[in-house]
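Multiple structures are listed underneath, in structure tokens.
In what comes next, chain A is part of two complexes: it sits with chain B in the first one and with chain C in the second one.
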Partner chain A sequence: MSDATGSEGAAPDPARRRWMGVLARASAAEIAERLAALPPPPPHRRLRAPETGLVMARGRQGGDGAPFNLGEMTVTRCSVALPDGRIGHAYVAGRDRRQAELAALLDALLQDADRRPALLAAVIEPLAAAQAARAAQQAARAAATRVQFFTMATMR
Partner chain B sequence: MAYVAVKGGERAIEAAHAWLARERRGDPGLPALTVGQIEQQLGLAVDRVMAEGACHDRGLAALAIKQARGDLIEAAFLLRAYRTTLPRFAASLPLDTGAMRIRRRISATYKDLPGGQVLGPTFDYTHRLLDFALAAEDEAPPPPPEASAEAERMPRVTGILAQEGLMQGEVAGEAEPPDLTREPLAFPAERPLRLQSLARGDEGFLLALGYSTQRGYGNAHPFVGEIRMGEVTVEIVPPELGFAIEIGEITVTECQMVNQFAGSKTEPPQFTRGYGLTFGHAERKAMAMALVDRALRARELGEEATAPAESEEFVLYHCDNVEATGFVEHLKLPHYVDFQSELEKIRQLRATALREAAE
Partner chain C sequence: MMPAMRATLAAGFAEPVLDAQACFRAALEAMARPGRVQRVAAPPEAPPPLGGAAAALLLTLADADTPVWLDAGPEAEAWARFHAGCPIAAAPGEAAFLLAAGPMPPLASLAAGSEEEPHRSATLILQVAALAEGEGWRLSGPGIEREHRLRVEGLPPGFAADWAANQARFPQGVDLFLCAGDRLAALPRTTHLAAG
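Up next, the complex of A and B:
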């Protein structure tokens, strides 16, 4: 089984890492809605049809020690090819095959420098903004429950 | 003891299952529960099934709860069975709970700590009075208040203690951890294996064992250094890419239990930690897991291990409720041949005993 040391292989491309992360957090409907605002993408070929499997999620003992296996989670992956030969991959948490295929398609399209600006502006940035807004609302709700405990003088 | 295969009963079994389906549905005059409703409105049951089913998928856990008529152990069993049908793609990079997007974070050891105490959506400080308003048609409660959130770091309490040298450090290293789903339990079980077993262990069993350590069956003097709950990012390194990508976020609960340690020949007195980590919002489970994790460290810390919670064979062999229910419930299966031999034996013994008494 694949290990997860991350030391081998290609250097990460920060821009690609970012769009893949944004697409992994977006629903199929959200992605499709954004994509619909653009001219239709070229037909893609499935190299690996959407397939649901598991990823073993790991934690660290004590939070910062050696890894242990916490439990598995469902993940769906897909790989597609464009007519120009570009290949897109997706691994997204959950079982949404359509999300995985759309994410793989966008990963392929976004690798084309000519298409990238429009796709970032119309799809990735709005999705990222919506995700940031959800996170900010969560943080604001948490902040409203921040307390100060006062220790009574009589307590030890 | 063993049970034997029997034939027949097909029609009765069919009828029983048809009746079960009807009982599961309940009064057809009432609307059916949707899986989405269970996922949204019975979220803590979903979290528990994911933890004990050892498979994070809210929709599947909700479906399992519906199918199991709310029997959460049966639901965990269904989830475990389903996961065996799926291939394993990868293992994640270890979750960074230090970078959690915090919804709740409390400490019982420090009143004022960097990042502060954040209650989050908690039952704590509720009055535990039944709310009859919920029995009526309920309306959506108003949105909760919001306050400006400073982007303050929330360092771990264990890290604060470690800075002073008062907290025993964790064993570092990136060794491939053992995996219960691939290799059966073996003893002595190292801590990563124990933590995996506890993470999927039964909440009730671990709660009782944790409680026993507080009541004197074990040498525990625990403090909740910190409980935190929120979202963490999951990353994997797909072989076709060769670099780490984010595949989504999951909610987890983490508990750091701070315990005294008298020290040893090689180490001065210091605090040690018990650690709990679970899928979802599962605070009681994370706390119980942390208590039992610390109790199970007795041997490696050179402490006397005499209490049930300190026996790794006892704890790890019995904490899995799917295994436990399988072995307990198999007693319902036909044991007719076994029991026949038991009957003959007891008749013989009785006859002998009665004859001897008469002589």
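Up next, the complex of A and C:
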């Protein structure tokens, strides 16, 4: 897919990378619920309406081997512009067009240093906490089925 | 974000798939009947100085495999890269599609394909001041039963000689779209021009 930002060579912003990741893992309903608690965002313009397509996910054996094509995944992308000219992008897994648009809108809003602290506190951090809790819960469920091989060794 | 990107980025086609298909149909009709003027029904939002038909053709035809050259400024380049995903060619001779809103690049300087692969030639999208059917040049050649007439305003003075040289290179040569506002006409390399 195209390099939409036109910023080859620019170092990725770790904070932006984090909020984009959190938004990509959150559902549309979760984002909308937290966004509703804030004053309404300015009207945005769709540069690229939400559209669904396939991207080839690539992997490397062991993390540093030769790249290979793992398989295609469904991705929805969206780009929006705010009245002040800030542009937000979103690429999210799945076919949820509303999630992609909300994520792109938030990406644009979060680039504004004045709005960022409130948005991070009200939207991104609660979503990240919920996602971490879900991951921990799942890890705990999986851990309950772990086989402790060392018990066999000590029984001998 | 780069400041230039910040300033403005126009939205492109409202319905990317359907509008591009409709524009492709218009481009096919124009190429199949040289000199007949077609209208692009739903031109995209485009940065000036791009006109509706020229911008629609660029979004319809260009993609990641076709280097594009345009003379319409960095804003238009950013717009084309964003919506079409096309690489921007450094020189006119390296481009598969060219969009000239200002002076026309000489046809002889563009990719003309080879004898074995004449389809690897460039297509020039040229913005002109006005197009009018039924007067002006007498066009003849494939796709024209007797003659079509077309008047084009805003071409450089040496165009007729340039076009005759381009036509003489057949099967190599450059194909030309002429765009004015949301109207377009085409001159494929096979079309012969005679002064009207």
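FYI, the second predicted complex is superposed on the first by the 136 of 156 C-alpha atoms of A that agree within 3 Å, B and C clash if a C-alpha of one lies under 4 Å from a C-alpha of the other, contacts with A are read in each partner's own complex, and residues count from 1 in each chain.
Methods note: a residue touches a chain if its C-beta (ideal position, glycine included) is under 8 Å from a C-beta of that chain, and two chains touch if they have at least 3 such contacts.
Computed from a predicted model, the values in this text were never measured in an experiment.
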First, second, both or neither for A:Q137, with chain B first and chain C second: first
Partner chain in contact with A:G62 - chain B first, chain C second, else both or neither: first
First (chain B), second (chain C), both or neither touched by A:P83: neither
First, second, both or neither for A:R46, with chain B first and chain C second: second
Partner with the higher number of touched chain A residues, chain C or chain B: B
Touched partner set for A:P117, first chain B, second chain C, both or neither: neither
Chain B versus chain C as contact partner of A:M20, first or second or both or neither: first
Set intersection of chain A contacts, chain C complex versus chain B complex: 1-6, 51, 79
Parts of chain C lying in touch with chain A, wherever the complex brings them together: 1-2, 5-9, 11-12, 16, 64, 78, 81-85
Chain B-touching residues of chain A, taken from the complex the two chains share: 1-6, 8-13, 17, 20-21, 24-25, 51-75, 77, 79, 89, 91-95, 135-151
Touch list for chain B against partner chain A, complex: 50-51, 54-57, 59-60, 83, 86-95, 97-98, 101-104, 111-112, 116-120, 144-150, 156, 158-159, 169-181, 191-193, 195-196, 199-200, 230-231, 233-234, 236-250, 252, 254, 256, 273, 275, 277-279
Residues of chain A touching chain C in the complex: 1-7, 45-49, 51, 79, 81, 85-87, 111
